[in-house]
Every structure is written in structure tokens, then in C-alpha cells.
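Can you read through this structure? Questions will come right after.
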Amino acid sequence: APQEGGRTLTVFAAASLTESFGTLGKRFEAQNSGVTVKFSFEGSSALVQKLTQGAKADVFASADQANMDKAAKGEVLDGQPSVFATNRLAIAVGKGNPLGIKGLADLAQDGLTVVVCAPQVPCGSAAKKVQQSSGVTLKPASEEQDVKSVLAKVQSGDADAGLVYVTDATSAAAKVDKVDFPEAAGAINDYPIAVVKDAPQARLAGLFRDFVLGAEGKNELAKAGFGAP
Amino acid sequence: MTLSAELALRRGEFTLDVGFEVPDGGVLALLGPNGSGKSSVLGCLAGLLRPGRARITLDGRDLAGLPPHARGIGLLSQDALLFPHLSALDNVAFAPRSTGAGRAEAKKRAREWLTEVDALELAARRPAQLSGGQAQRVAIARALAAEPGLLLLDEPFAALDVDAAPAIRGLLRRVLRSGPPTVLVTHDPLDALALADHVAVLDGGRIVERGETRKVLSAPRTAFTARIAGLNLVPGIAAEGGLRTSGGQLAGIPAEDVVEGEAAVAVFAPSAVAVYPRDGEHRGSPRNTVEGIVDALEPHGPVIRVRARGDDWAAGLAADLTPAAVAELALEPGTPVNLSVKAASVAVHAVSDH
Amino acid sequence: MTLSAELALRRGEFTLDVGFEVPDGGVLALLGPNGSGKSSVLGCLAGLLRPGRARITLDGRDLAGLPPHARGIGLLSQDALLFPHLSALDNVAFAPRSTGAGRAEAKKRAREWLTEVDALELAARRPAQLSGGQAQRVAIARALAAEPGLLLLDEPFAALDVDAAPAIRGLLRRVLRSGPPTVLVTHDPLDALALADHVAVLDGGRIVERGETRKVLSAPRTAFTARIAGLNLVPGIAAEGGLRTSGGQLAGIPAEDVVEGEAAVAVFAPSAVAVYPRDGEHRGSPRNTVEGIVDALEPHGPVIRVRARGDDWAAGLAADLTPAAVAELALEPGTPVNLSVKAASVAVHAVSDH
Amino acid sequence: MPWVLWPPAICALALVVLPVVGLLVRSDLTRFPSLITSTSSLNALKLSLITAGLSTVACVLLGVPLAVVLARSGARGVRVLRAVVLLPLVLPPVVGGLALLYLLGRKGFLGILVTTLTGEQVPFTTAAVVIAQTFVAMPFLVVSLEGALRGAGDRYERVASTLGAKPWTVFRRVTLPLLLPALGSGIVLSFARALGEFGATITFAGSLEGVTRTLPLEVYTQAEVDVDSAVALALLLILVAVAVIALARPRALEGVRS
Amino acid sequence: MPWVLWPPAICALALVVLPVVGLLVRSDLTRFPSLITSTSSLNALKLSLITAGLSTVACVLLGVPLAVVLARSGARGVRVLRAVVLLPLVLPPVVGGLALLYLLGRKGFLGILVTTLTGEQVPFTTAAVVIAQTFVAMPFLVVSLEGALRGAGDRYERVASTLGAKPWTVFRRVTLPLLLPALGSGIVLSFARALGEFGATITFAGSLEGVTRTLPLEVYTQAEVDVDSAVALALLLILVAVAVIALARPRALEGVRS
């Protein structure tokens, strides 16, 4: 590998990529000696907000197309974004699935505490789409701000079930069980990645993007539960 | 109700160790130099200071273990400390309210007490809007309005003007006559005389002298007491124009609260007593003349104090003369003399009957 | 430095409207009943109150427009208000420090002033650890340590014991003799007499009487002044054993600060003056006898005040007699009498020479 | 007041005011009317005012006694307790919400107690919002009151006790009135903190319109879609807070001494 | 102290302590050591301590003068200013961060000024963290000090001025020392608030390890991966805060009067 001494690559990535990108970053560092990869994990919309306000970053990976479009419109991207992964919803239930939930329809039962994401955030808009396409109408106890909050409530036992991304349910496998449901296919969302305009480390940024899109990236993302593009 | 107290307290290097009794309706005056522990004694009695050792009983009831509010005391502390957020009226009404009176009743009583201290027109004022003397009057009213079982007064006459001081003194006399046992801190022997039947003189946290007010003030045994007192005090019964003594009459100016036929005491300074050779003719304005014999001559600062013996009020009488006068009259122990004092310089005060 | 002030102030219903002057080294005593505006006057001079109208000049320099710290004053307020977070020493050192002295120098001066008020052993104490009188002494030291161009003292002797009060009075006399113009609030005419060359008597926010201390106190024109004063004051030059007057000698007890050969005044109460028929023989202890003629008889509460005319100190002399004595001696205007006062009841005080 | 204080004071004021001005300038005020009259905004506003109000009341009822106990008790452990009270201040609000969830949630021991007693669950209810807000806001009240109590000393309380006032009377008629200025600022602090509370609320109570979605939660939700409208909503929050504080802060709270 | 205060005080304490205890009980303490010694945690901890310390200093330097001006100035507009100071309290922190970004960001007028003068950008730097923390924490200091100043009155300051002390001397030698107990609690409040600050920081300064990712942001990032480890980190935060407060709160701050 080429010598890339003492340089720092800054990656803005959606919060749901925290784990998989963390690992990929380590590996990227190992392959490019002297490079440090620093991540800023946040909600995609917050990241776009920062980029348009002049935050210095090299790579931007979004959890949905809408925010990547916003970034493109804000003219902070260098080149076209490419989709590197997909994600879909799954039902998170308590460990051992005590209520025996098998599919989306079970969530509409009375007396069940279900939490979902708010429609304004990507996981919530997916949940809405799924309900529309399947005809199942949920009466959630709460419309959470992000997946993490949904998971926390299922994990604490205060919610019987929650709609989360497959990847989130996978990473929390020690604490919750995951129930896949077929209707989730109706709301797949794409994860695009792009190099940021005027990136301080433009060349490294390209390398990292290609690394994510490459075989090693695919492999790691699949382990986390992401689907292929 | 009788107060009996034994107190031991440490405050830094200062140690207090006193014991005393105050009988029902009795008033004990605490005298003593600055820093001698007078306010500390009141603090212990009130329960604001925690003495190392304390035995305080009021009529057999033990006070030492009780919190301040359960002791049934009224405390006038050295700085008035009126509640800044309450009007003068509400300050005075505070105690009645606290001890169970209704709002209207408490205000009524507060108004009465404010009237007593001549501060009714200040009722609506906040403490910040009062002058020093006005605040002091309201604080006195507040302490009295508690209608306490034990009254503790720390220099009640400080900051009062020449009209207010005697008026408040009269008020206190009236209240204390039938009132609770009282401990009164003062620097003024006349206050002690007018209000207290007993005095205790503190110095360095110890009682160095105590006894009936008249005796202590007329025959002080410590230098400090001598400096503040050293008065001639003649007991008797108040009569028209003065005092009826054991052996006769002593003309004087009665104080306002003197009632004829009741116990009273004539007070006059040794410096007011003139001394004449026994053979001298004497028919001037001084109305009070008595025969006596020079008992002792004591130098007393710039003057010489002549102690007389004799009957009636000549007994133990002190007269201060300049050395020149002593020399001219050739006074020595045993010299027979006439002693005289102008009625106008004799004040007759009522005393309690203890 | 001469202070000249004209002040008008409203505080609620109370209005103050006064004007006065204090010459260099002069001391003005403010007397007056509680709530008459004495502290308010000091507040205006110090710049703590904002008078509606104010003209204050010190030696021509206008003070009225200056903030308090630029006025160069020293104020002893009615409540001591020592800084609770500073030791007694640091309290006293505060003013020197503030006006530019170094730390060591300020402490040195503070120690000196604490020594002056006999409180050096309290130097390390916090105000909360001082008794009332101790705090008052420290507050006096603090005001004096400012070495001000104008000294304002509000009841400096409150809370002081019988030893401290004369000591502080002596200290103030020494300081004020050569010191800045001073305004002194007091309720005690003797303080006024000992310290002030002029007095102003306030009532209801107005000056109702003013003038040289001696004149006002010996011939008060208002009832209030009469009640606090009404003394016989005989000016002269201090001499051994008393006073040399215009026409002779008056025996008395000199106060501690009297220096022979300097101006002094003999003070004694009208009640101490005895009256004899002119033909009467008189050779008793009263050393001071003068011939006079009854000028007027005024009822004065329980006594009758006899005013005399005559030479030397008989001029204007007041003697209080009981009505019985007046009747017996058949006194009426024009009656020739001998007036006598015991030397021991005559106090001789030094006065400033203004 | 020394003039040297003015420059830093002005800087401080600028630090506070300028960003808000910047917000005003940059936000699209034409959409303001339509935004703040949308039902979801109005629901959120109503809920915010009610819950912040209730939790301020709870803060006062619980926090004032705690402050007095901390300031006046001579007991040994008090120093430790004082540090403990600060915990919610330091805890990131989301973690605070988690802690509440662990305690009052379905499997928390207090939560189980409540459910067996009343049959109700605490999370996802308006009550949960109030609890979360009280949890984060109360320390502000306690700490500011405690400082004031220590500074003021207890001499008036002691005088009151010598006048026969029992401890409760002393508290009601002396301690409390003299504490009013500090209580005023304490109330303002805790009301403001409760009104702005986000993390603990969403974690413990969730976010459902009309039930648990307070104005800050609405702002966050909006911000996902459209930052500008979120800013406009935030301005509404400011407006409301300033109005409530200005109206609800009677002169009495501003100090008894002239 | 009336005993009736004890029950609510104990409730209040329970409200604060029990959730934290619940957190402790429910969290997996075995992983605690490894978590808190990971470089990212240590980096975050270091950054948090530095920035919270700096912003507390800034709060004191700016906030104390502002509090004194607000409490002691007789000027007319002061009542309005006092309400203005409360703004950051009410603003949801994220909106506060946005406001700062609008002011000091690339397009903000102050930001443009700074960039032309120094060539540097403010957002997304450690300085931005300090600014964000100061913005949210300062009002706590100001409000609690102002309450204390009003409660205490100005009589000692007036005495000092009659002794010839110029305003600055009065401030330094009388106002400040008498303010110490309140300043103590104000400092604690603002330090705690700065230490726990999340929303404004992430919005204005971003979240970059070693540069802007403070401990609360690290907690948030961790929570994405694993709630339990986030909780453990939060406990670290608590530990640190309590330690710093206990150590940095000298007796002097606890009241000058015995």
C-alpha cells in the first residue's frame, strides 16, 4: 500500500453505521499506515446540516436517499453518490419473544405496547410505508425520534415490540430478538456514500469510498445485517 | 414562676460559668463590661446558644432540653433584628400569631403594644423605613407581645431618645411588676434601680457580685460596679413630696410611676450631699438635713468620699467632697456633722417589694 | 476645611430640610428625638441617600455630585455593619487599603486604631464572634481609620460600657481637636458638651434650634432641648481644683482631659444649686457661693426653677427648688439670695476654643 | 458598580442575545403564523405548558424542603447528599431518561409496585413527562435555593423561634418569605429547564402527539424534515417562555428589601 | 427545621437517587473497566473535563459581571435584559446550537468576521464546544447569582463606599466575598450543565473524536452500538462530575458565616 503518513480522514456517517464503519475504519487504517480515520456519527439530516454550514469532512455516508439529495442540492458533494448498502425493517421483541409475535399483523392486537419511529425520520417513514402497503394500522404508544430509542424501550421491557432496522436488531441481538416480516420488502431504503466537495483528503476519501463499496466493505456490512445494493 | 439557671458555655477563648435565680415577678439586672458575657447568658436562656452544661428551670419545669420556641420566652436581642419582610405591625403580631392567636386578635394585640411604645403611627412601615430608635421601640413591643413566661431584654434603652427612654422604662415597670421573671441587660445603674430588684455583675464570664439592687449599687464591692453605681439609696414609703423613711421624711422629686404609700427608694449622688459642722446654722433651701458622725474617709478619684453613721437615713450615707472642703471642715472619723441634700436632687423611685 | 450643607430629602411622608455649617476642626452635634432625621442627614452627607436638593461643600469643593467613595468621609452608622467576612483587623484596615495604603501599612494603621479603642486583642476575630460593645468599638476604629476629611458619627457611644464610653469620648476629643469637621449624632447632652462646639436640634426634619453648644444647652428654647439639657454652664479657664471665671473661682471636679490654663466650662444641674437667704450664715462643705438676686421663678415640672441675676457666675444661674422651699424662703423676683453649689457636683469639661 | 464590569457583562449579554437574533434574522418568519397554528404545534405547546407548569410545582413542593434540609441540617451526611442532588445535572438527559425507565418502567421495581397498585403503567403517559422534567429540573431549584439559604444565615429564624414560633411557622412565615427572591430565580430556572427538556422525556415518556410530545420534541421531529420550520417552532417556545416568566414573576419575587 | 419538611425532602432525594441506583443495578459493571479505559472514552473524558472547565471559567468571567449589573443597576431596561438572559435556558439545546451556527458559522456575520480576521473557522472546533457549553451554562450562573445578590441587599457595599473604596474595590473585597456561597452553587450548576451538554455541542461543534466529541456525545455514539455500554459511560461521567465537584468546592464556597 502507498505510504500516506500522518493524515486524518474525516468521515460523516449515519448513526446506524456506527458499528460496521467503526470496524471498517480500523481496517482501512491498518491497510494505509499513517492514516487515522475519524468518524462523526449522527442522524443523516444533522450531518447534512453541518456540511452545508461548512463542516470539514472528506466522506459522507447517509442512511437515506433524501438526505443525500439535500446534500447534493446544497452543493457540498464531489461527484455522484453511490449506494453501498440497503436496510429494511424488522420487529424487535423481548428476548425469547414472550408474546410469540410472528408478523406485522400481530402488532395490531389490543393491549400490546408498540413503539415506532416518528414519520419524519427515515425509519418512521419506512414504518409508515409498510403500514400503508400492508393495510395493517398500528396504534403506537410512542413515535420515537430514532431507532435507538425504540430499541431501548423494547430492551427495557416497556414496549412489547418495536419497528426497527434489521441492522439495529442484529447489533442488539444479545438483548432483543428479531422477527423478520415479509411486508418489510415494501420499504427498502438505500445507503448512499459520496466524497465531500473540497475534501481536505480528497484522494484518501476516494480510497475509503471505494473500500466501502468493495468486497471487504460488502462483507462487513452484510455481517451487520445490511442488504446488498 | 421562678427561674433558676446554671450555665456553662465556651465560645472560643471565652468561657461563661454562672448560676442565678430570679423569683416570680422578679427582675434580675445583668451588669458588666463589654464582652463580659451578658448577651451570652440571654442566648443560653433563650436556647439560641448551646451551653456545655445547662440547668434551667422555670417553676420547676426544665427548659434546658426544650427548643427555643417551646420555652415560652420573649427575647429582645441587642440588635433589633426586625423581620425585614413584615410591617412593624406584623412584626409585633408575629408572636401572638405564633402562639395561637387568630389573625384579627393578634393584630389587635400588636396594635395595643405598639400604642404602649408610642409607635402606632409606624404600624404600616417596613423595618427599612424606620429610624434606629423607632426600630428599637417596635422590637420592644415585639418581645413583650409574646406575653412570655420569661422575659429577656438586652439593652432595651439603647437608641431611645430622652422622651422615649423614660416612657419605655415606665412601660416596662408596669409590665414587669406583675409579669414574668425577667433578665435585663443594661449599662445604666438607674435602669437597674428602676426595674430590677436584684443585680448580678458579670466580668469575664463569672458573676463577681450579686444581690439586691439597692445594696449592690449603694455599696459596690468591685471596682466596676463602683464606677457605674456608688449612689445613695434610702428605702422607705413614698409620701407626698418625697419619702417616709424609718425615722422621718426625705423630700425629693417623685418619678412618674411612684404611688404614694408604696415602697420606694430615694436616690441621690454622693456629690449632692453637703456636709456642715454640727454647730452651724442652716436654714437654706436644702430641705433634707440629718445628723450624723463621720465614719470613714475614702479617697475616690478626685474627691474624698465621706461615709457617715447615724440614725435614719444618715446610716451609711456617702458624701463626696473636694479635698479642700475636707481640710477646711477638719473632718475626720468621729466628727459630728450635719448632712444635707437638696430635695431637688433627690429622685424618688418606686421599687418592687421583693 | 469647612463643611457647608443644604439638604432637602423626602422619605415616604418624612421630609428633611436643613442647612448648616461646620468650620474646620469644628464638631456639630445633632440632637433630636427618634425619627427626627439625624441619621438621614448623615446619609445625605455620606452620599448614601439621594437628596432632592443638595448643596454640600467641603472647603469650597462640591461634594453633592460625588459618589460616596470620592467624598473622603468616614461614617459610623447606627448599626455597626462590620463586614462579616473580614476579621476585626481587616475591617479596620479596609479604609486605608481602599485609599491606597499598602497591605502592611494598612494593617499597621489598623492595629494602631484598634489599640486606641482598646480592642487590639480582638483583631483576629470575625464580627460574629464579637459582643455588641466590642463590635461598636471596632466600627469606631474603622470609621476613624479612614482618616476622612469629614467625619460622620451616629451614636458612637451606644452599647459601650461605663469604662469604654469615657475612654472613647477621650479618644474622639483628641482626634477631633485637630481633625476634620465632624457631625455627631447623639442623645446625650454631655457628649455634645464634651465633643461639639455647636449643636443643632432636629425635630420633624427641621432644625428647630442651633448655636454654640453651651448656649443652647444652658438656655434651651425648645421643650425637647430643655428636657435633655437645661444645665448650668459657666465658662472660664481651667485652674487647679476647678475653673477661673471672669470674676473669681468655681471649685469643681475636672474631667480627665482638662488642661489647666485652657478654656473649660463648669457644668452642674440646676437641682444641685442651693439657695440661701442673703443674711444666712453659710460655712458648710459647698465651696461655691455667689451673691445673686432672684430674677424670675418658672414652674418646671415638679420643681420651680429660680433664675438669678448678678455678677460673675450668678448671671443667669438656674436653681431648681421644690415649691415648699420657695414658699419657706419667700422667694420672689428681686429677693437677694446666696446661691451655692457643692464643688463635688460641679464637673469641669474642656471645650474647644471656637 | 465598577465600570470595568460593563464590558464583560455586555459580552455575556451578547453571547446570549446575538445567537437568538441570528436565529430571528435567518428564520423564515412568513411561515411563522401557519406553523404555530398547526394542530400539532398547538397540541405540543399546550402539553409543554401544562407539563412544565406541573413539574415546576413538583420541583417547588419537593425541592424547597430538600434545599432547606440540606442548608440547615447539621447532620454529618449532608455534604454527601448535596453532591448526590447534583447527579441529574450531570447525567446526559437521555441517560437520565433511561434511569427513570429502569426504575419506573414495566420491569423496574417501583414500576412493578405502581402497576400492581393502580393497574397503570408510567412510561408513555403525560405523567411520565412530568416526572422526567421534574427529575432534570429540580436540582436547579435545590442548588440555587441552598446557596441563598446559606448566604442569608439563620438569624431571623432564630429570632422567630424565640418568639414562640414552631419550626413550621418559622419556615412558613420567615424562611420562605426571605427566600422569595432566590425562590423566584429558582422557579424560573427550573421552569425553563423543564420547558426545554428533551432527552429524558423522549427516552422515558416517548413521543406521541397530545400525550407526550412536548414542544421541544416537536421541534426535533420537525428538524428532521425541515430545519427552518423547527427554528420557527423554537422561536415560539422562546416567546412562550418569556411571556410566562414575565407574567408569572410578580414583584414579590424580586426582593423584599428596597 | 420543621419535621414536616423531611418527607418531601426525602421524596425529592429519592426522585434523584433511586433512578441512578436503578441504573447502577441494571448496568453491567463487569465491562466498566474495559470501557472506561478505551482510548475513545479517555479522549472524550479528557476533552469533557477541559472544555467544561474552560467554559465554567468563561461563565464566571462573563456571568458574574452580568449578574452584578443586572442586580445592582437601577436602569430601566434591566427588567427586560433579565428576561433575555433566560433565553438559552428555554431554547432546546439543539436550536441553541443552530443559533450559534447561524451566528458564527460560515455564513453567519460574526463567523465571516472571524474568518476574515484570523483565517480560522469557529464551528467544529474545540473552541466551538466551549462556546456552546458557555452559551447553555452561563444563564444558570447568572440567574442564581442575581437572586443571591438581590436577596443580600447592598448595605455592606454602601458601607464600603463610605470608607473610600472605589467601585472596583467594593466589588472585589465586599461583593465577591459575600457572594461566595452563591457563586459556589452557581459554579457547580454551570459546570454540571456544561459537562452534561449535548444538543448544542453536537449541532454547533459536531462530534469528532479528540476534537469535539465530549463524554455525553461519546455516550450518545456508544448508545447507537450498545445501550449498556453507554450507560456505563454515563456512570463514568457521574463519577467524574461528583469527584470534580467534591474536590473543587473548597470550604470557602460554603458560606462565610458560621
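Labels for the chains are A, B, C, D and E, by order of writing; each one numbers its residues from 1.
Quick note on the criterion: contacts are C-beta pairs under 8 Å (C-beta built on N, C-alpha and C of every residue); 3 or more make two chains touch, one makes a residue touch a chain.
None of these values were measured; they are calculated from a predicted model.
Novice: Walk from subunit C over to subunit E along touching chains and report the minimum step count.
Specialist: 1
Novice: Starting at subunit A, how many touch steps does it take at minimum to reach subunit D?
Specialist: Shortest path length, in steps: 1.
Novice: Mind listing the chains that sit against subunit D and also against subunit E?
Specialist: A
Novice: How many angstrom lie between the centres of subunit B and subunit D, each centre taken as the mean Cα position?
Specialist: Between these chains, centre-to-centre, one finds 57 Å.
Novice: What is the distance in Å between the mean C-alpha positions of subunit A and subunit E?
Specialist: Inter-chain centre distance comes to 33 Å.
Novice: Which integer distance in Å separates the CA centroid of subunit B from that of subunit C?
Specialist: 25
Novice: Whole-Å distance, subunit A centre to subunit B centre, using C-alpha means?
Specialist: 90
Novice: Residues touching two or more other chains, restricted to subunit C: which are they?
Specialist: Answer for subunit C, listing residues that touch two or more other chains: there are none.
Novice: Mark out which residues of subunit D touch at least two other chains, giving numbers and ranges.
Specialist: 98, 102, 166-167, 170, 178, 220, 223, 227, 257
Novice: Could you list which residues of subunit A touch at least two other chains?
Specialist: 49, 152
Novice: I'd like to see which chains touch which, written out pair by pair.
Specialist: In this structure, the chains touch in these pairs: A-D, A-E, B-C, B-D, C-E, D-E.
Novice: What does subunit E use to touch subunit C in their complex?
Specialist: Residue list for subunit E touching subunit C: 155-156, 158-167, 169-170, 173-174, 177-178, 180, 256-258.
Novice: Given the complex with subunit C, which residues does subunit B contribute to the contact?
Specialist: The touching residues are 11-12, 32-36, 38-39, 78-79, 125, 129-134, 136-137, 154-155, 158-164, 187, 224, 227-228, 241, 251, 253-254, 269-277, 280-287, 301-303, 319-322, 324-325, 329, 338, 340, 342-345.
Novice: Over in the complex, which subunit E residues touch subunit A? Could you list them?
Specialist: 98, 101, 105-107, 121, 123-124, 202-203, 206-211, 213, 221, 223-228
Novice: Could you pull out which subunit C residues touch subunit E in their complex?
Specialist: 46-48, 67-69, 71-75, 77, 81, 83-86, 94-95, 97-99, 126, 128, 142-143, 146, 148
Novice: How about subunit D: which of its residues touch subunit E in the complex?
Specialist: It comes out as residues 1-9, 11-13, 15-23, 25-26, 61-66, 68-70, 72-73, 81, 83-96, 98-100, 102-103, 108-110, 131, 134-135, 138-140, 142-144, 146-148, 150-153, 166-168, 170-171, 178-179, 181-182, 184-186, 188-189, 192-193, 195-196, 198-199, 216, 219-220, 223, 227, 230-231, 234, 237-238, 241-242, 245-246, 254-255, 257.
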